[in-house]
Amino acid sequence: MFPKNAWYVACTPDEIDGKPLGRKVCNEAMVIYRGPEGQVAALEDFCPHRGAPLSLGRCVNGKLVCGYHGLEMGCDGKTVAMPGQRVRGFPAIRTYPAVERHGFIWVWPGDAAKADPAQIHHLHWAENPEWAYGGGLYHIHCDYRLMIDNLMDLTHETYVHANSIGQKEIDEAAPTTKSEGDEVVTSRFMQGIIAPPFWQMALRGNGLPDDQPVDRWQICRFSPPSHVMIEVGVALAGHGGYEAPADKKASSIVVDFITPETETSIWYFWGMARHFKPEDAALTASIREGQGKIFSEDLEMLERQQKNLLAHPERNLLKLNIDAGGVQSRRVLERLLAAEQAAE
Amino acid sequence: MFPKNAWYVACTPDEIDGKPLGRKVCNEAMVIYRGPEGQVAALEDFCPHRGAPLSLGRCVNGKLVCGYHGLEMGCDGKTVAMPGQRVRGFPAIRTYPAVERHGFIWVWPGDAAKADPAQIHHLHWAENPEWAYGGGLYHIHCDYRLMIDNLMDLTHETYVHANSIGQKEIDEAAPTTKSEGDEVVTSRFMQGIIAPPFWQMALRGNGLPDDQPVDRWQICRFSPPSHVMIEVGVALAGHGGYEAPADKKASSIVVDFITPETETSIWYFWGMARHFKPEDAALTASIREGQGKIFSEDLEMLERQQKNLLAHPERNLLKLNIDAGGVQSRRVLERLLAAEQAAE
Amino acid sequence: MFPKNAWYVACTPDEIDGKPLGRKVCNEAMVIYRGPEGQVAALEDFCPHRGAPLSLGRCVNGKLVCGYHGLEMGCDGKTVAMPGQRVRGFPAIRTYPAVERHGFIWVWPGDAAKADPAQIHHLHWAENPEWAYGGGLYHIHCDYRLMIDNLMDLTHETYVHANSIGQKEIDEAAPTTKSEGDEVVTSRFMQGIIAPPFWQMALRGNGLPDDQPVDRWQICRFSPPSHVMIEVGVALAGHGGYEAPADKKASSIVVDFITPETETSIWYFWGMARHFKPEDAALTASIREGQGKIFSEDLEMLERQQKNLLAHPERNLLKLNIDAGGVQSRRVLERLLAAEQAAE
């Protein structure tokens, strides 16, 4: 149902600050922590001694010490030591490829031999000082593909987020969708509209008037396994819209990493990368708070939709033009899953 | 297990005041709301677009607007409109016969072709200004038949409701039970007793002394699928009991609509229709509060009884004379269920 | 999975003080209460009338009165009376042998014909005024054998209870384990160490210095079905350790009765019997509070270990020297279970 030979965001660096983290990714229960040189490591969350979760233990000088009886586990899944024991014969536990990059910890829950860090999704803004980033994490009980659908069809903003980023003009501007290899792009452009509240705040944040007609854009880019980057912004009308100069617009990238926990639950890493006033920490906090509130509005809808679909597995859902982004993304996933199964 | 070709109370009017309500009745997940002329409608709670529950949406001019992407649903289960879409080919969703009557919203979860509003249980007091009504709703995890049993055997009052309506004399007065067609009636009469606290309050509410011997009656009337109306009251002794003139008694009808949600859960609509001082709103509120407290005392017992029965499905329960009301009610239900299955 | 022909601690006397208690022991749902002469009784928690749990009822002069319709149950599982009913033909419910002894209520969930109160675990300290006892009860979602393992391998103290009774020297002192019939004993002795915080408090409680080198011992005694008594203590170094005179040591027995509720949950009765200052109630309370806190630290570990094992039923756990106590205890249990099955 989800590709396992893929890089997923497992957590953020602050989640493993000085202590191990237990997290299930694609049905694999992992313990994630920093090893001796500070590098990240991901192992099965299962102590070979008595099955205790290693994530309840501690990190001591880069060794993971089981919180039950003190077994010391190495980053390679081999027991380093245990008080009073010879550990050479202890069975190793599974390791998962893990890499820290672009401000996230990435793991590969599938066949380790196929893991190539070069394939980790590139975030051009992540180490660029002209950009600022703020984000958060939600746990949601839904199939990860329902969240991809959600993000690839932003007409829901008018209904789910009516008081922040929704506006009637979204419905009226038909989106266009195209696939390029494994990437799917759905774009929508609106011209000469009044910015909704969230974008009025962003305009003010960038020192621009918030009551003038603007051009607005939404360019949703899906890339497998489940990343959706959305270029969003507004520019004062008559300055070129998406192409307008930086001092005439407020633009950002909505960052969404959707990590399947199980078939019906996800870790949803959301955030916004901003290309204006990157040094303004108060603005980052304000945007983060607003976005966190907006994205929390999707939770109940997605969880209830999931329950409805589980109760009616036989129903065929509609695939309208607005759904093309989700539909084409699912096709990419099916292709990858078929290839993964063929290789096995 | 429960007849589906029957009228059940689904909700009260205040529950759909200005917004749709999601409610499961006999395993059918419905959205209930008011259409363009204010008439009630009940549909599958499933948007044909992407399966979102329509009950998370809004009512706009009698149209049900899906809260996810704005599909507008009509009372006939056909999509009226959707922003930017031609909706003619959209699949219809199921509709359920729904009628507002006697202060309740009634739905028919079974074969719509067989639904006849004339069969809705008649409540003679409901539109009679000489009567007042107050009630509430509880959700209980038990088979709806356990609640029928409960209400058709009021000897439980002595034990479950010892401090309000229970009294030893109930145990001592053997009930009589008879069936008339699909109706089952269990009656109990007590003479020359002291009224228990709830009825002392009712006597005072009707301007009568609360410390005189009274005659008390309980006449429980089951009618399918799961309505139990209980005539209850006390009259000052020596004035004819049940037949006493209005100024010598305090009498009411306990109103119970037991709507199966699933095989092991119910929506329990309880209330009291009162034939004295109907204009006294404070008395209505006081009785409602007292009754709500009393009926909440049944919850734990019924839920724990249900768990015990699920753990011991092989056990045969006793069928004593006091159980005759429940036993005969179940027979009516079995007959209806057999007829329903034969017709299929 | 657990022997049923065995005496288990079901509850403490205060839990049935004036009212019946519902408790499941080895998958048997029981109601436990005091009969006419104050003797304890344990019955199926199932009223023969309509299946209500008798534990929701009341005790009236040693009779158990069902809280639903007033059936009066006797200690022999036979209905004594019911208002307005002849009860002679009522089916009896199952009774379980039950005995009050040593400050606990013991029940036998298996074949009553085999129950011999002489086999109840003897607690020599329980009625000895030179000893004081304090304890508590935890409900934990784990296989009872995981708690036996926990208590028969105290190396976990260093990690789970690092701030109270744990210390590095535990790891360094290899335990020895031996079986004697059905009893398994794991012993560990440490010499010339500094007492950890809990034992410093105990030393002070016994009027001894808390900063001198001490000898420490832990002697864990498993006896079936699931009792673990642990002799623990510290003596000022050079006075004979375990054999030191009473005024040179602080010693106790950690008392653990592990009663299976289901295959994956337990009632854990923990406590400490103390052989010094028995009259000091404040010390009893202080030790009880400290021990309660310490034992609560095991809960999350055991519940999470249980989940891990359920997710990986195929895994073979390691059986190190420190695990010998648990391993040998399980062998005793397997022997008893095999004998129980052979007898059936």
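Annotations
Each chain carries a letter (A, B and C) given by its place in the written order, and its residues are counted from 1.
By definition in this document, contacts are C-beta pairs under 8 Å (C-beta built on N, C-alpha and C of every residue); 3 or more make two chains touch, one makes a residue touch a chain.
By chain, with names taken from UniProt: A, B, C = Aromatic ring-hydroxylating dioxygenase subunit alpha.
Only a predicted model underlies this, so the values are computations on that prediction, with no experimental measurement involved.
Superposition angle, chain A onto chain B, using Cα atoms only: 120 degrees, a multiple of 5 between 0 and 180. Shared numbers divided by all numbers used gives the overlap of an interface; between chain B and chain C this overlap falls below half, so the copies present different residues.
With centres defined as mean CA coordinates, chain C is found 48 Å away from chain B.
Shared contact sites, meaning residues of chain C that touch two or more other chains, are absent. Contact residues of chain A toward chain C in the complex are 29, 45-46, 48-53, 56-57, 65-70, 82-85, 90-91. Considering their complex, residues 149, 153, 155-156, 158-160, 171-172, 174, 300-301, 304-305, 308-309, 311-312, 315, 317-318, 320-323 of chain A touch chain B.
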